[in-house]
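Please read the structure below before turning to the comments.
We call the chains A, B, C and D, going by the order they appear; numbering starts again at 1 in every chain.
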Amino acid sequence: MIRNQKFIAVIGGSQPSSEEARLAEEVGRELAKQGAILVCGGLGGVMEAACKGASAEGGVTVGILPGDNRQVANPYVQIPIVTGIGYARNVAVVKSAQAVIAIGGNYGTLSEISHALQSGIPVIGLNTWALSRNSQQDNSITIAQNPAEAVNKALNLAIN
Amino acid sequence: MIRNQKFIAVIGGSQPSSEEARLAEEVGRELAKQGAILVCGGLGGVMEAACKGASAEGGVTVGILPGDNRQVANPYVQIPIVTGIGYARNVAVVKSAQAVIAIGGNYGTLSEISHALQSGIPVIGLNTWALSRNSQQDNSITIAQNPAEAVNKALNLAIN
Amino acid sequence: MIRNQKFIAVIGGSQPSSEEARLAEEVGRELAKQGAILVCGGLGGVMEAACKGASAEGGVTVGILPGDNRQVANPYVQIPIVTGIGYARNVAVVKSAQAVIAIGGNYGTLSEISHALQSGIPVIGLNTWALSRNSQQDNSITIAQNPAEAVNKALNLAIN
Amino acid sequence: MIRNQKFIAVIGGSQPSSEEARLAEEVGRELAKQGAILVCGGLGGVMEAACKGASAEGGVTVGILPGDNRQVANPYVQIPIVTGIGYARNVAVVKSAQAVIAIGGNYGTLSEISHALQSGIPVIGLNTWALSRNSQQDNSITIAQNPAEAVNKALNLAIN
């Protein structure tokens, strides 16, 4: 029956601002309240805050780790996946989700946004990257103003 | 609290004999009864039989898929991980487990056995590969005679 | 002695504009003239144009392919690397280079730019993506106005 | 024109016996003499000995590295490929070759043998693993008695 639940990734940096961490925790809470399963990169910062929020509401959390060691997963990851493939695991984080919520983030987050867009997986952004090509804005990232809106958009746009 | 449960991988071919499928289903049942979480490659054959057995006992099943499509997961996979990295996902299947139970299997299974042994993850074998080097038998695979013994050995040998 | 040569990646889309293809071929020529080895994703479009240019000047070309089949490499790839890991090979394309030249490109190229910047590998841009975060421009991509400038900047900024 | 040359992988442990190292160096020499390009995992032991032999005869050597650092390649690797994907790079080592020569080796080598056989890539063995399933010997590894025979068999069996 878990298969009927939506899998939504939350991506963002391991050293977020306190505001980004607050947003991530609230996103995690909302996802759990709405019955979605949280997928993330399994480490600290935005990933940990989101898992903490989801756990507080009894949600399920999946952490797809880059290294060889399950012990480095943040304490709110319930299902640690140990890939051993380094940052190439970013591809697996987004492909395992039906929509992605990006919060702040650095170049690792940008790589995940890119891989998601390349694969046709919707990306919802909260205070995150903006893109343009040849001086033309790229509007592929769906902007949200707050965590509840981000979660609603993610669930509405989620692919099969 | 899932983190306190053991993660055990079940590996084997996608076209098992009926005896191998029976063993896999029984291994899945036993794992679920003992509260372990089942990790597998997410596809058919031994993977599906093990997930079916675990599901029948209310267990949790994780399927780490090679391709880009969650839809190909067998119907008993509750947590599909979509890696997009092809057979390199074999590494993630075994690294995500604390012990591995190999049932029958072809060269893909042998690669998983090898990656597990290379990473110091215990491998328990049921009717599977036997190895030798320079005419000397390699006894790294712990042999089990039946599903219950395989599961008990896996849980006892499981690393942290 | 090849080890003393610089490895420079050229990244860009498989369906470039004719202007982008022209830029890529010229970049390939310049790299070969200056003794650098060209690394790319091995397929068509910008990758093929760059390899064609490098080959015309007697340069060495390496194509790091996503799939399982060497036959799909463009005809100017001399050293095809068959990864079998899909788009996760984008990480290997940039990590195998000491600097990266991005020409045009879509989301796959953006993922490569991101992975390079995350790994501290310089990125030189020709008519490619522009980035901003929280309404602040990110200037990590070094802009070049033409192929010769791009190659000179890549060789000057190349890391060890 | 490199594309018309055969790509042959040499696999084996990083801590070979002196006899295995001697065999590997001789295999590398023979491959270069016959115009083949050597592919390997890029590190020490059998990989280094094979690259040393090939270099001594003016051959081309490709090293597909597991980590993030080109500096760890052995000094005879001319084309270092930096994958960043850990042992999952074993898949790329064999897929990049048209035939594989295994010399001695531990579980990492066994995983490469397995991935090659799974992909239909011929494996030639010199003092390496022997396999059996359900008490039946598996003869998929073509045995060679010496380096020259191994190279001849690899070149004859090489796939396209």
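Just so it is clear, a residue touches a chain if its C-beta (ideal position, glycine included) is under 8 Å from a C-beta of that chain, and two chains touch if they have at least 3 such contacts.
Note that the structure is predicted; figures quoted are calculated from it, not measured.
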{"item": "Chain pair showing more contacts of the two, A-C and A-D", "value": "A-C"}
{"item": "Repeat of interface C-D, chosen from A-B, B-D or B-C - more than half of residue-number contact pairs shared", "value": "A-B"}
{"item": "Chain A and chain C: spacing of chain centres that average the CA atoms, whole Å", "value": "29"}
{"item": "Chain A and chain D, separation of their C-alpha mean positions in angstrom", "value": "40"}
{"item": "For chain A, residues contacting two or more additional chains", "value": "68, 84-88, 91-92, 119"}
{"item": "Residues of chain A defined as touching chain B within the complex", "value": "1-3, 7, 37, 60, 62, 64, 68, 70-71, 75, 77-85, 88, 91-92, 95-96, 119, 160"}
{"item": "Complex interface listing, chain D residues touching chain A", "value": "68, 84-88"}
{"item": "Touch list for chain A against partner chain C, complex", "value": "85-88, 91-92, 104, 106-108, 110-111, 113-115, 117-119, 127-135, 140"}
